[in-house]
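Paired with chain B in one complex and with chain C in the other, chain A is shared by the two complexes that follow.
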Partner chain A sequence: MRKLLLWVPLMVFALFAGVLLRGLIAPESGTISSKMVGKAVPDFTLPAAIASHPGLSSADLKSGKPVLLNIFASWCLPCATEAPILLELEKQGVEIHAIAIRDKPEDVVAFLRQHGDPYARIGSDVSSQVQISLGSSGVPESFVIDGKGIVRMQHLGDIRAEDVPKILAALKAAE
Partner chain B sequence: MIAEIGLGLLWLAAGLAVLQSVLGGLALKLTHRPDLGGAIKPVAIAQGVLATCAFVVLVYLFMISDMSVKLVADNSHSEKPWLYKFSGSWGNHEGSMLLWVTILALSGGGIALLERRVRRDTLIATLMAQGLIALGFYAFLLFSSNPFARLNPAPSDGNGLNPLLQDPGLALHPPTLYLGYVGMSVAFSFAVGALLTKDVGPAFARAMRPWVLGAWVFLTLGITAGSYWAYYELGWGGWWFWDPVENASLMPWLAATALLHSVTVLATRDALRAWTIMLAVVAFSMSMIGTFLVRSGILTSVHAFAVDPQRGTFILALLLIYIGAALTLFALRVGTVREGATFEPVSREAALVLNNLFLTVILGVVLIGTLYPIVAQAMGQQISIGPPYFNPAAGSVALLLVVAMAAGPLMRWRRDGAGALMRRMALPLALGAVVMGLVRLMAPEISILSWLGLSAAALAAAGSLAPLWGRNLRRTPLFTWGMVVSHLGVAVALAGMATDTAFMKERLVAVSEGEAADVGPYSVRLVMVAPVIGPNWTALEATMEAQRGTSRPFTLKPQARNYSNPPTDTSEAAISTRWDGQLYAVLGKQNADGSWQLRLWWKPWVTLIWLGGGLIALGGVLSLLGRLWRERRGLGEATHA
Partner chain C sequence: MMIRGLILLILAGLSAPVLADSRMDAAPYAYVQLKDPAKERQAKELMATIRCLVCQGQSIADSDAEMAGDMRSLIRERIEKGEKPEAIRAWLVERYGDWVTYAPPTRGSSLVLWGLPLVLLMFGTGLAMSRIRRKAR
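Our next item is the complex of A and B:
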């Protein structure tokens, strides 16, 4: 028994080496599949982030029409770089709702004035509670949500020009 | 021509490593041929000299900016300040591996030249193991990372160096860590040698201890410096990010700390034989795994500047061969190692076993956290693991460890009474309890971990000084001072971490020139933002005036730098050290209305973290000097150590 025990370190090491080898030869994967895909958005109700736009609740994401839910913040630099892309998407008829994370109304107003305003509704999530329940860990992130409130796609980071076809396709598929 | 000389030297050194391994193996088999064993020492010394020459050649090529050498062209630039040309020679994959093997070969030569404590056959077996390890790294250099490869045609100038790495810290940080890693390889070679010749005992432990101590000092310095580098250079205001590369340097340190304590038990009391061998193997594995994680790019990180799966495979193969062989040898041979001396459950040995246990658990926590993303990826998930896992998991065990650390030195070897221990611990325990109560009353809002951390720091500070109580300080041995200083350093660093975590103030503000913002006790006024020019960069520099209450204001000058070649933006934080903490300012972008985004932190007592790290290393140095001094005078082992 004691003899067998002495081989345990070697076996643990072999297992460990196997994991490393696997990680080394596994192809790099650029897409991140979200746990949220295929699930309904959790119930939430957020107050309006600024006076000019209504707030956002989970009911607004079940209107029968697929929407893009954009999680952003005025203090977030990549959010500013993705703003023109969002404007472009809005021009193509995409309905975009937003959740502003840990933000102040005057900052959001200034952000929208400077970078444009593609949003129909903006909810204010001052404590990141809704963001976390959506499975989002940073800003910006975007979700494609179908008419019944089911998440169809989660995009991490800023949306770039090359991501637009993918997002449009997901919106189309969600109809 | 010079580069070819360097390559030739490297091949010669590799050839000597082969000779060293073969000679060692033959000498161990053919015991009637003592001349074989006699030849191994000069070979080891010559190998050290040749590897050093090869490294000097590489440094020379960098200093003269020989752009026909691919490594120089890729990583240097003729306009770069000379210090960065110099440090650039190891600020890249090939150069750093050459430095690794150079230090390895030098320590092999050092053992051959200086080591007299262990049995002759154990020394030969140790040098054989050293030769084999060096051989693996020579092969790695020569077959997949040749630092002397030429470029034809040669470019007119080089591609610069990652500006993030253009910092005096870089000149020291990697070599320091490598000295630590390589020291671990020497401990590993000793362990393998002792296993081969069945010579696991106090003499072997005493031969291994200075290498472990030295390596541990360098690892401590490397981690402390690395933490400070990340703190001021990355401009995120944090001092530890649980980044895979930080973890890669922390894991060998944890194993080395455990080994350092168990080797002392073995040297002093002849106990924990098999465990010490195991730890020596683990500590070297962690160094290799550290090298592997950084060099393979298997985990993405700011540090992994040479991402190449082929190289990763090579290092992994070396890891498999060395560690696999060592563990097999362990399984086959450790049964023949006689059980050492025994001890009671309440004794210095038992406290050191507890210390080893806690350190091993922390090591396990960090290892799992670092590698779990790879496992998850193998199962088709992408995740990353951060402070929410590491802080509570590693932190809670670390607190227990700190308490054990305070108690250990107050216990007697072999057997002690629980009552007597409690009497000796009374003052530290009381101090810990007082701080616990005070912090609870004065700052009830801070997290449990910070609260317990502050209390444990007070307890440990008092406990670490307690061994000096009632001693004649002038006659206290140097290595006892070393222990006291190191343990005090742990308490000091812990106090800094807990205070910074609990009371740090952060502000993100947009201010125009002339306006002010408050952070912690300070009011910071943005005076102006103006362009400045450096040797190979231009920058926007903000001038800020910080003032606490009505005291005299001082100036902060954070920069947003733009390096011209290659074009890269970096942020240079301005850090002002006050007696009770640091004010940390970062200049961000300009808003459309002309105001500037500033990030301000007030970090009370944060400097204690690095001061503590320095004390820990200083204690190691004192201990090392004390041991060497005592051995020189031939006093042997003191049982009251």
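Our next item is the complex of A and C:
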């Protein structure tokens, strides 16, 4: 028993070294997920980003029907990559609202003309304030929000073809 | 040939890297201090302990990232309105988790962090003392 006890410090040290080594070899992923999942969307009202679409407020996210909220920007390259996927989702009947981050109306118009327009409403968030209140840390990001305005899922980064089933399932579960 | 190389080198030095940045101006209080020095000091102190989301490892006070500027502006505007720094910190932690602050709240897990060295030190001292005593005998 005493002999065994002598090994304890070495074992604790090995555990400690292991934890440190793991941190060195596989550092934390750089993306920070929102802690708002499961909570209600904070109150906000954003003006229209472009003339052809209405702006977006938190009330629009409590319509009784689950929606996809897409955080994007015309100056963001992965946002252009995910545009065809969003169009496909819209074709499948998903209601998609957007928040344009730090964007100028003419840039948003040009972006939508080039990459297609899946959005019902687009709010303009010129200094990322609503983005921060949602716990979002970059563009693009998407949130699945249920009919009562509760955030059900966050997708970090661009939505790829392989993510579509997951998004559709989350929207279905939010009904 | 030499000259061509030199020109290329100079041009490469002059070119700006392509960053994913917007064409918008910085948020109102990203680089502007508050008029009231006491409030500005509160804001500064808070900003130095909030982690930048896109340039992890830097505080938002140290970062030139647009998002860090937007967060500085958010903090200054709220402090200007009379909000307490700790309330703003709690608001951010609610959204991004303990990760976002360099001064995380004390929880059970941090008790282990602070307590374990003490426990180990006591254990080690005890072990050493019993050995020394045995040798002395």
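Keep this in mind: the second predicted complex is superposed on the first by the 142 of 175 C-alpha atoms of A that agree within 3 Å, B and C clash if a C-alpha of one lies under 4 Å from a C-alpha of the other, contacts with A are read in each partner's own complex, and residues count from 1 in each chain.
Throughout what follows, a residue touches a chain if its C-beta (ideal position, glycine included) is under 8 Å from a C-beta of that chain, and two chains touch if they have at least 3 such contacts.
The structure presented is a predicted model; accordingly, all values stated were derived computationally and were not measured.
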item: Which superposed partner A:Gly116 touches (first chain B, second chain C, both, neither); value: neither
item: Touched partner set for A:Ser133, first chain B, second chain C, both or neither; value: second
item: Which superposed partner A:Met36 touches (first chain B, second chain C, both, neither); value: second
item: Chain B versus chain C as contact partner of A:Ile101, first or second or both or neither; value: second
item: Partner chain in contact with A:Gly147 - chain B first, chain C second, else both or neither; value: neither
item: First (chain B), second (chain C), both or neither touched by A:Pro9; value: both
item: Touched partner set for A:Gly55, first chain B, second chain C, both or neither; value: neither
item: Touched partner set for A:Leu77, first chain B, second chain C, both or neither; value: both
item: Chain C-contacting residues of chain A that also contact chain B; value: 6, 9, 32, 75, 77
item: Interface residues, chain A side, partner chain C - complex; value: 5-6, 8-9, 12, 30, 32, 34-36, 73, 75-77, 101-104, 107, 126-129, 131-135, 137-138
item: Complex contact set, residues of chain C against chain A; value: 20-24, 27-28, 53-54, 56, 66-67, 70-71, 73-74, 92-97, 99-100, 120, 123-124, 127
item: Residues of chain B defined as touching chain A within the complex; value: 278, 281, 285, 292, 296, 298, 309, 312-313, 316, 319-320, 323-324, 327-328, 330-331, 334-335, 371, 374-375, 377-378, 380-382, 508, 589, 591-593
item: Contact footprint of chain B on chain A as seen in their complex; value: 2-3, 6-7, 9-10, 13-14, 16-17, 19-26, 29, 32-33, 75, 77, 110, 114
